[in-house]
Structures are given as structure tokens and as C-alpha cells.
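One chain, subunit A, links the two complexes that follow: it is found with subunit B in the first and with subunit C in the second.
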Partner chain A sequence: MLPRIIGKQDGHMQTVFSIAVDALAYGMVLFVISIGLSVTMGLMRVVNLAHGAFAMIGGYIASYAARDMGLGYGIALMIAVFGTIVIAIPIERLLYRRIYGAPELTQVLMTIGITFCVIGIANYVFGPTLKTIPLPTGLQGSVDLGFRSIATHRLFAILCGLAVAAALWYAIEKTAFGVKLRAAVDNAAMAAALGVRTEIVYAVSFAVAVGLAALGGVVGAELLPVEPYYALRYMVTFLVVVSVGGAGSIPGTLVACLLLGGIDTAGRYLVPEFGEFFFYLAVIAIVCVFPRGLAGRTR
Partner chain B sequence: MATMNDALANAHGNRRKFGRDLAGLFVILGLAVVGYLLFPNNLALLTRMTAIALLVLSLDLVTGYCGVATLGHAALFGTGAYASGIAAVHFGITDPLLMLVCGIFGGVVAGLLCGVVILRAHGLPQLVLSIALIHLFHEFANKASSWTGGSDGLAGIAPDPLLGLFAFDLWGRTAYVFGVILLAVVFALLRLVVRSPFGMLCRGIKEDPIRIRAMGASPKATLVKMYMISGAVAGAGGALNAISTQVVGLDSLSFTLSAESLVMLVLGGTGSLFGALTGTIVFMFFEDIVSAANPFHWLTMVGGLLIAVVLFAPKGLYGTIAGAVTRWREARR
Partner chain C sequence: MKRTILAALAALAMSGAAEADTIKIGVIGPFSGPFALQGKNFKAGIDAYMALNGSKVGDDDVEVIYRDVPQADPAQSKALAQELVVKEGVQYLAGFYFTPDAMAVTPLLEQGNVPLVVMNAATSAIVTKSPLVVRTSFTLWQTSTPIAKVAKDAGVSKIISVVSDYGPGVDAENAFKKAYEAAGGEIVEAVRIPLATNDFSPIMQRVKDSGAQGVFAFLPSGPTTLGFVKAYNENGLKDAGIKLFAPGDLTQESDLPALGEAALGLQTTFHYAVSHDSPENKTFVEAAGKAIGNPAELSFPAVGAYDGMHVIYKMIEATGGEQDAQKAVDAVKGLSWTSPRGPVSIDPESRHIIQNIYLREVAKTADGSYYNKEIQTFEKQGDPGLAALK
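Then we have the complex of A and B:
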């Protein structure tokens, strides 16, 4: 998943630095994709295994727009985000609506079903090969930070993650919509009784969540390559991140992403022959110690 | 409350239930004969079906009867398969019945381990724990390649003739008969288990664990016991798979197998042993037909099927049909 470029001549510092940069970029991409899942899970209490499928749809649309139609990266990104939201709206209306408040098993089955369908259709339409999203010249190459140089794209992913975190923090803490959202997360019935149109809050958050997933899918395409089994391959990772962070918590998700991104990247660099062994071991340890997530609260 | 009513109904209708057990056994054996006659050249598929049926039955014990949502149940099946395979390849235990015992033992140990970990959490974290566990088992088996053969699979399993009389032939007849008998025996035992006071206690925990605790029983200890029973059943299935195919691959410890077994269970209907069997048979037949044509259409179809089941037949095929039959009978009365 992650390219391994260990500079021998520079010794340990270079290794540590590349691990840190890759881990940070990977963690930020995870954050951009998973934060929507976390918010909708905290809000609607839906175990949504299909979230990665939306990230994948975003990646496919961007790849089609940028590579096959020759549009610019920024435009392709916008088309991907809005296109994915447009695709997601009927799915939410027709399918998700029916499983709000249903038992977890039902939600798991429905959303796995959606994931399988998306994988099958993506493969039918785009074929089984890996899709790339060509980067603009501005994002290729590397940036010199004075003491080290890092790949521009990694820096871009990290900045995107920070921007999303800041924007979400502002939207949730400082705007009127954020107040309604927090009220609905805490107690949907009481919020509705006080005149909050919860179905609108739900619809808007779902759309934002899907849009963020698509954004993450496009920005992270270098780290998580777009192919039909994307939705299944990273489904677990996104779910794990949300569960470890605590559903509905932005700081919790951010910490979980950086922590797990760090463990995963370090594991791949240092003990690649063990695969994801240490990642899952850490997940089990964290979930056992914090069954409600790092920032989870009792409800 | 439904549990209490069930208990009362049980006291009245034990004879009828016994009749249904016998009928169930006859249906299994009858289907086995029909399968043998219809597909004499495809006994390998039918044997795999019996092995997977054991896995789905085992999943039903924890998901259907205890309400534990898990996407990592293949860990129990795969451990059973590797236990019997390793016993045969590395320790020279090639008697099929002893291999079966090794598989069951491996399954019980894996069940104990998974049960203790998975039951620490509820809801989403529980699901995540189960997923992490199956990946951990998978990576471990991949890494311990000197024992498990890694990604090449564990080959070279050569079971002795069954009871010293029936050699495992090229057409898989012995393996098939062995599998069907194993499935029938396990099914009969499980009918006893789920109807025992212990089985009723598990159903009670599924409905209201707090009340069960107030009654003086320990939900966690009970569920761990059920997990071990479930591990024994899944381990038997894994051992059957190892004996019949004579290889054990990493796919027997995969997330995909776990998810598929859950799909089969839900397709048939949770909380009913008949439902588990129905789901396995229907799913695997369709898989055999469709995936031969195009594996990706197969995935789309499974997805569509899952959505349809959730929307239109939440009780699964068996549950829906059984419900319709009951209503029809009551209407006639």
C-alpha cells in the first residue's frame, strides 16, 4: 500500500523522518475519509460499512475526469465530490432511510450488500485495473523544508486533513447548524421536539460525510490506490478508526487516525513481513481497554 | 417474554419437537441422497457444502441464539482446519477420526480465545474486534509458514481409511458420506443443546442480559461456554474440509469466508438451525452456478440479494416460509 523508500545513505534519521511523513499523510487521508463516517455514525447510529465505497466512487470519478477527459486536478476533484453526493442521495433515500434504528446486524448486512453492489458495478464499468489520478505539476516532485525534502503530494494530503479538521471544528462549534447537529447527536427526539428539523440535519450531514469521503478518496489515491476492491479492502480500516476514536468525536477520530496510521506505517517499514499483524493487535488492545473509543462517552 | 412463552410451549410440545428433529434428520439424509444421485461428479462441492454448513450452524449458535454480531467467525473454522492438518502433516496423526478430534479441539481453543476477546465490547466495537481477530489469525497463519505452509497452503494431508475400512477415494464418495454423517450427528446434538436449559439461558441473554444477571446467572460465562461449543462445531467443519480436500489454505481463515457465512446465515434465517442449513445450501448452489460465469456479477448479485433479504424477508428464507406455513395452519383451524 505504501511505497517504501528508505534512504540508506542517510541512515536512521532519514528512515524515521520518512516514516513520520508517510504516517502523517496516511493518517490525515484516513481522517478525511473517516470523519464523515464518524459523524454519521454518532448522529444516525448506523454501522455504515459502505462508506469506503463512496470514497472509491469519488476516486473513480476523479480518475475518469482527469485522465480520460483531460480536465484539471482541481476541477476533477470538485466533480468527484459533487458527483459522489449526487450518486449517494438516492441510495440514502431508498436504502439507508429504512435501517435507521434497526438492529446492528441488519445495518451491517444492508451496507455490506451496498458495498458488494458498488464493487461489482465499478468493476463492470471501469474494469479490474488500478486507476490513477494524474497529479498536476504543482503537486509532483518534492518540497525542500530546509533540512529535509518531502514529497509535495504528501504535504498536500496533510494540509487537506488539517483544513478539513479546522473547517469541521468551526462548522460544528461555531455555526447554528453545528448547534443543531450536536443537539441531534446528543438526543434526537428532544432536538426534534424543540423544533430542529432532524431529517434535514441528517440529510445534510450524510451529504457532507459522503463528500468528504470522496475528497479523501481522491486526495489519498496515491496512498490508497483506486481499484474495485478498494471498498472492501479499506472498509475495515475506516471502521476500526471510527471505533477506536469513538463515534461522533472529531478529536477522537483525529487522534485515532494519527495513532493507527503511525502504527500501520511503522509496521510496514520496520517489519514488512508481518503485514498488518501489529496494526490489528493494537486495535484489539485499544478496543479492549477503551470499549467506547478513545473519546467515547456513555449514552 | 417470548423466551418464557417458548419455555412453556416446550414443556407441552416436546413430543412434537422430537418429531421435528427426526423429520429434520430425514430431510438432511434425504437431501444428501438426492445430491449424491443428481451430482455424482460434483461430490467435492457437496462435501464442501456440508463443511460450510457446520460453520454456519456454529455461527448461528452465537449470532442467532446469543445475539453476538461477528464478522470473524471463520477464525474458529480455520483454526480447526489447521489443527487437524498440522496434526496430520507434522505429527503423523492421519486417522480421520483423530484428525476430527484435533480439529474440534482447535476450534474449542479458538472459540475460547475469540469469545473472551469479542465479548468484552458491544455493538460497533464488538464488530471491529471480531474483524481485527480474523485478520490477526490470518496474518499469524501466514507468518507461521513453517507450520502452516503460509500462502502456499498446508499440503500433503493424507488421511488413513476411515475406521480402517473405507479409503478416501478420488471421487470423494467416502469424504461425502463421512461429511453427511458428521453433519447429521452435529445437527442432532445441537437440537438438544439449543433446547436445553443452557440454550434457553442463551436466548434469554440475547433478549435481556440485565434481567438474566438479576436472576443470578452470569451472561458472560454462559456466552463464553456457547462460544466454545460453537468453536467445536466450526472446528469439526474445518477438520472435515481438511480431510476431504487434503489441503488447508489461508482462505479458510479469511474475512471473506466470515462475511459469506454471515450472509448464508441471514439468507436462511438466524436463530434456527434449519435456517442455517437452508441458507448454506441455497447460497452455495447459486455461488457455484453464477461465479462460474462471472465472479464480479456474483458479487453484485450477492449484494443485491442481501439488500433484498434485509428489505423484504428480514427473517430469512426459512423464517419467512415457516411463518407463512404457521399462518396458513392457523387460518385453517
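Then we have the complex of A and C:
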């Protein structure tokens, strides 16, 4: 912390910077969790309301691995991501496969049902109390930015978000798999006729989306703590991010997260009495102007 | 023909016996959903009381019937209470975690001839809604008033208040403000934040910028509490010497394992700590811990329910099992006993519980678990909220 000898003008600048840093950190946590949902909704055209449930499963696995088994944070993170994918594979084969291309209402009913099942199981197995994922010493404490301090794990979340954004963009835009995925999404029948194994493409994309959910659940656990109702509690926020960003668009989701994070954070600092008024006002305005989201594609 | 008559007689005899001997208590609370833990605590407190005191009062058997209202839902609560009174024939209504649920039921009491024993809902006004309401929990006015004195005594004279924007939060803010200003302190700012807040960093920045020496906070226990306490530490408020004052909701026993190191040293005021050192509490914790399964999940609604059962047993004793709501309530006015939380009594005027409020500090035991250590007692606290209503 700087001593308060700075003038009023500097004080204002400091507030602006402060809000910007908080907004960036919050936005990136939202991004890490929501991007998987954007992939399932935009690329696979599944309204996956169970996305929060997968993030929660990741959080629980990491918490169990790190707290109860005493494993390191990095290892717990890996186990959480792969463990969640392993759990999701049979769910994809048995349940999700039936709803690809189904009407949206069917998808909503099926995935909300899965969510409630996961909530019930989590409540039964782990109990209703909050679970934490102990941070390694390197991520504990805070870093001094000169004009204010910021928690180290938030910096870590920001870096994770950037890494995820870059890796996904590369995978979808620059690799052969990305080409097949885009082809399968745009016209599954034609892609299959050209020799693309669409089933495998879908299964892999689903696994990646679920893995990203788990990653977000673990990295974001300091902000959105793991408990059985996690699966529903934050789902609205994730869905808002995806619909504002445009389902399936990585830059769109990123911009939406930063924008909404900024509005939410600024609103909370300046006029907390208004609650989430400005957040949803912005959402309504954006969706009015861009019905398919900021970077949504026309079908 | 003979057989039919015999059967009819037998049925009559059996139903007659059941009516005379079983006294039913209807308990409404959140037994599923996000607040299931609180309902579980109700049940643990009730089970513990019945395990220790038997399920009979005089010759009458006591039967508890549970009804689930997962989230605050006054209409649902009222419908279930009506069903309990009319169809199940309960003589007593009890439970109620949320204020609106309890409020919705009060108009039924007189007509149904049933007393209502509130085991949690903590808004002052409930007891004024019907003369048949008795409360064995606490109010936010009761738990938030003493912390103002603690803050002033700690030499903090400028405070910013941060509460969740809903009934209990507003109650906490008003209670603290009144007591703190009476003690000569100054509230520099009063901020109300939405219940669904996830990120508390901007709030902490605002606290810093307000120039206050301390922050008074109230948030419902659960995920928000964890986020708030962590943000308080991570944004350097703790290191900057800005003190945190709060009612005990911020350091609930069920949240302490998750809060861990972050909560160490936090001071809160509350009516009950699981660690309270008394033989009565030891017996209670053992029985209720067994009833709930995992003793780490035990917290304050259990003691509210336990004492609620005590009051109901006394009511049944006084009425001899007859259904007479007014007589039952009159019988417990001024009743005093030693609860697991310490000495308590029912205020004859307000029918609210008079009890000790404790200042506690989060401390660490030798085996590394965290608990609320009681360090100061404010004896025989009534409900200042009722005076404020007038």
C-alpha cells in the first residue's frame, strides 16, 4: 500500500485501476468456467445445464485429493480434470448422445435432471458443508501491485484464463481436429459423408468441455466455493456470459467475461445498493443489440 | 353381522386410544435443498431432546411430524401448517428457519388453537404477530447489539457497516448502528450488498477508501461468508489493522473447517457456541452429534430446537395433554432453565428467550481444528429489537 499522500486526482485514478484489476480477475475466473459451456452450446448445440455440475465435480475431486489425501495442488488439479472427464464419458455415451440435435426443451430437461442427480449425490457423499481446496504456499497471500495488493491465486486464475483462451483458439482454428469439429458442427451429415468420424469428434469435444469445466471449478474455487448447490447457484451467471458472448466463440466469451466482470465490479464498488441492476441492464442492452451475442454466428 | 360389529368396536377402541395418548408436534423447516443442513440441525436437536428425556410426557406419547419447506416460501409454509393442524391434528407447531415462513403461519394459531414455538426465525417482530408465539432461538438485534460495545471498547470509533440486503441484514445493520452510536461511535458509511454477491474484492476496496477503522459485517452463513472473510484477508484489510466485527453468523461451526486459518482471531457475538463449557452442553453435544451423524455439522439451530422441545414438553405437562393453546403458552411465560447455551428464560411479556450473549474468538485446538472460544459474557440479554419496533 502506498501512503495516502497522493492528491485527489490520483485517488480517482487509483480507484479506477483498482476496479480494473478486480474486474479482470473476476472476469477471467468466469471465463475459465464458462468457456466449456460455450463450446458445448455453440459447437455441439447442446444446452448443457449440467455444466455447473461438472465444474462442481472437479472441485470436489480436487478438494478430496488435496485436503483428505494430502496431494499437491498441481496433482489435485490434474486428477480433478481427468477424473471429471472419466465420470463424464459414460454420461456422454449413455445420455448426451441421445439429445444431440434434439429440441432444446428436451436438452434442458435432460441436463437439469442430471444436475439434480449430481447435487443429490454430492450432498449424500460429501455432506452439505463447504469444501475448500488448500492452496500451495506459492499461491497463498497477496502480491503488491504498487497501488494496491491482489491475491496471488487471482493472478493464477488470470493466467489460466489466458492460457485456456490461447490453447482453445489454436486447437479450433489451426489444427486438423479443429477443421473436423467445425465441419461436423456446420453440417454433420456432409462431414460424415466425407469421412469425418463425427461421433469421435463430438465425444472428444465433450470431454474437453467437461475438462475445462472441472479446471474452472478448481481454479475458481476461492471465489465460488464448492458445496452441493454450486451446480445451480452460479449456472445463471455462466449462461448469461455465454449468451452475451455468443455461444461457441472464444473471443466473444472472453470479451463478455471482461465486460460483465467490469460492469459487475464497478457497480458493486460504486453503487452496491443497486445490487445486480446494472449487470442485468447491460445484459439486456447487449442482447437487444446483438441477439446472438457479441460474436454469435448466424445459423 | 356379529363380526362386523366386533370389528367396528375394535376400530373405535383403537382410534379412541390413539386420540387420548398421542400428542403430535408439527415441525416445519428446510429438510432438503440448499438449507437442508439447518433442517438437519432442527431434527438433531429434537432427536437429542427426546433421546435424553424420553418420548413420553406423563402418560402421553409425543410424536413429531416433519414437513419440508426447502426455501423461504410463506404460501407453502402456511399450506403445510394448515394441513398439519387440520389433517394430522397436531397440537403444537414448531421449527421455522425463515422469518417469512413463521410470519405466514401466525394468523392460523388462534383459530387452530395451537401454540407456535419458533426454533430459529430471527426477526424481532414475529412474537408480536400473535400471543401464541414463543421463541427459543435469538434475534439479530440480540446478537448484534453487544458487538457494538466490544468495538467501542477496542478503541474503534469509526466503522463502516456492510450487510447483505435482506431482512436479517437490515436488522443487523440497525441494531449495530443504534448500539454503536449510543456508545459514541460513528458509522461512516452503511453499505447493503446483494445476497448473490460472489466477489467481495470491490467491497473491501470500498471499506479501505471509507477511512473507517473497523468494519461491521453481517452475511448469512455459507458460501458468501467464506468469500467475505477470505476477501477481508486477501485485500490486506486484516494487515492494515481494519478490524472486523460481526454477529456469530460469520463464524458458524459448520463453516469453520472451510474458513480455517482465514478466520483465526475473528471476534463475533452469538448466543451459542458448540464449544460452550458446561455439563449441560456436553450432554447435548454428545446426543445431538449422534443424532446428526457427523458432529462437525452441528450448529445453532440444533440448540434452538432442543430448547423448543423443552418448552413444548413443559406446555404438555401444564395442560395435561389437553389442547389449550393459551393455557400452554401462559404456562411457559417466565419459565427458566439451564439450556446447553447457558441460563435462559422466557420473557413473560414478549415470549422471546432471554439469554446470555457471548463474545467469542476463533481459536485452534491442539489437533488443528477450529472452534469459537468464548471470552466474554453479556448476561441476560433481552431483545432490544422489540423496543425499536415501538
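Side notes on the structure shown:
Here is the rule we use: the second predicted complex is superposed on the first by the 277 of 299 C-alpha atoms of A that agree within 3 Å, B and C clash if a C-alpha of one lies under 4 Å from a C-alpha of the other, contacts with A are read in each partner's own complex, and residues count from 1 in each chain.
Throughout what follows, a contact is a pair of C-beta atoms (placed from the backbone, for glycine too) under 8 Å apart; a residue touches a chain by one contact, two chains touch by 3 or more.
Given the structure is predicted, the values throughout are model-derived calculations rather than measurements.
When the shared chain is aligned, no partner comes close enough to touch A:Ala189: not subunit B, not subunit C.
When the two structures are aligned on the shared chain, A:Ser142 is found in touch with subunit C, with no touch to subunit B. When the two complexes are overlaid on their common chain A, residue A:Tyr124 makes contact with subunit B while staying clear of subunit C. Once chain A of one complex is fitted onto chain A of the other, the partner contacts of A:Tyr234 are limited to subunit C, with no touch recorded for subunit B. Judged by the touch definition given at the top, the superposed model places A:Ala176 against neither subunit B nor subunit C. Once the two complexes are overlaid on the shared chain, A:Ser18 sits against subunit C while remaining clear of subunit B. Of the two partner chains placed by the overlay, only subunit B lies in contact with A:Glu104; subunit C stays clear of it. Shared contact residues on subunit A (touching subunit B in one structure, subunit C in the other): 123, 128, 228, 273, 275-276.
Within the complex formed with subunit A, the subunit C residues making contact are 33-34, 36-37, 40, 165, 191-194, 196-199, 201-203, 205-206, 209, 222-223, 226-227, 230, 234-236, 240, 254-255, 257-258, 260, 294, 296-297. Subunit B contributes residues 63, 69, 71, 117, 120-125, 127-129, 131-133, 135-136, 139-140, 142-143, 255, 259, 262-263, 266, 270, 296-307, 309-311, 314 to its touches with subunit A in the complex. On subunit A, the positions that touch subunit B within their shared complex are 41, 47, 95, 98-99, 104-106, 108-110, 112-121, 123-124, 128, 228, 236, 239-240, 242-244, 247, 273-277, 280-281, 283-284, 287-288, 291-293.
Across the complex, subunit C is touched by residues 1, 15, 18-19, 22, 25-26, 123, 127-132, 141-142, 148-151, 154, 222-225, 227-229, 233-234, 237, 264-266, 268-269, 272-273, 275-276 of subunit A.
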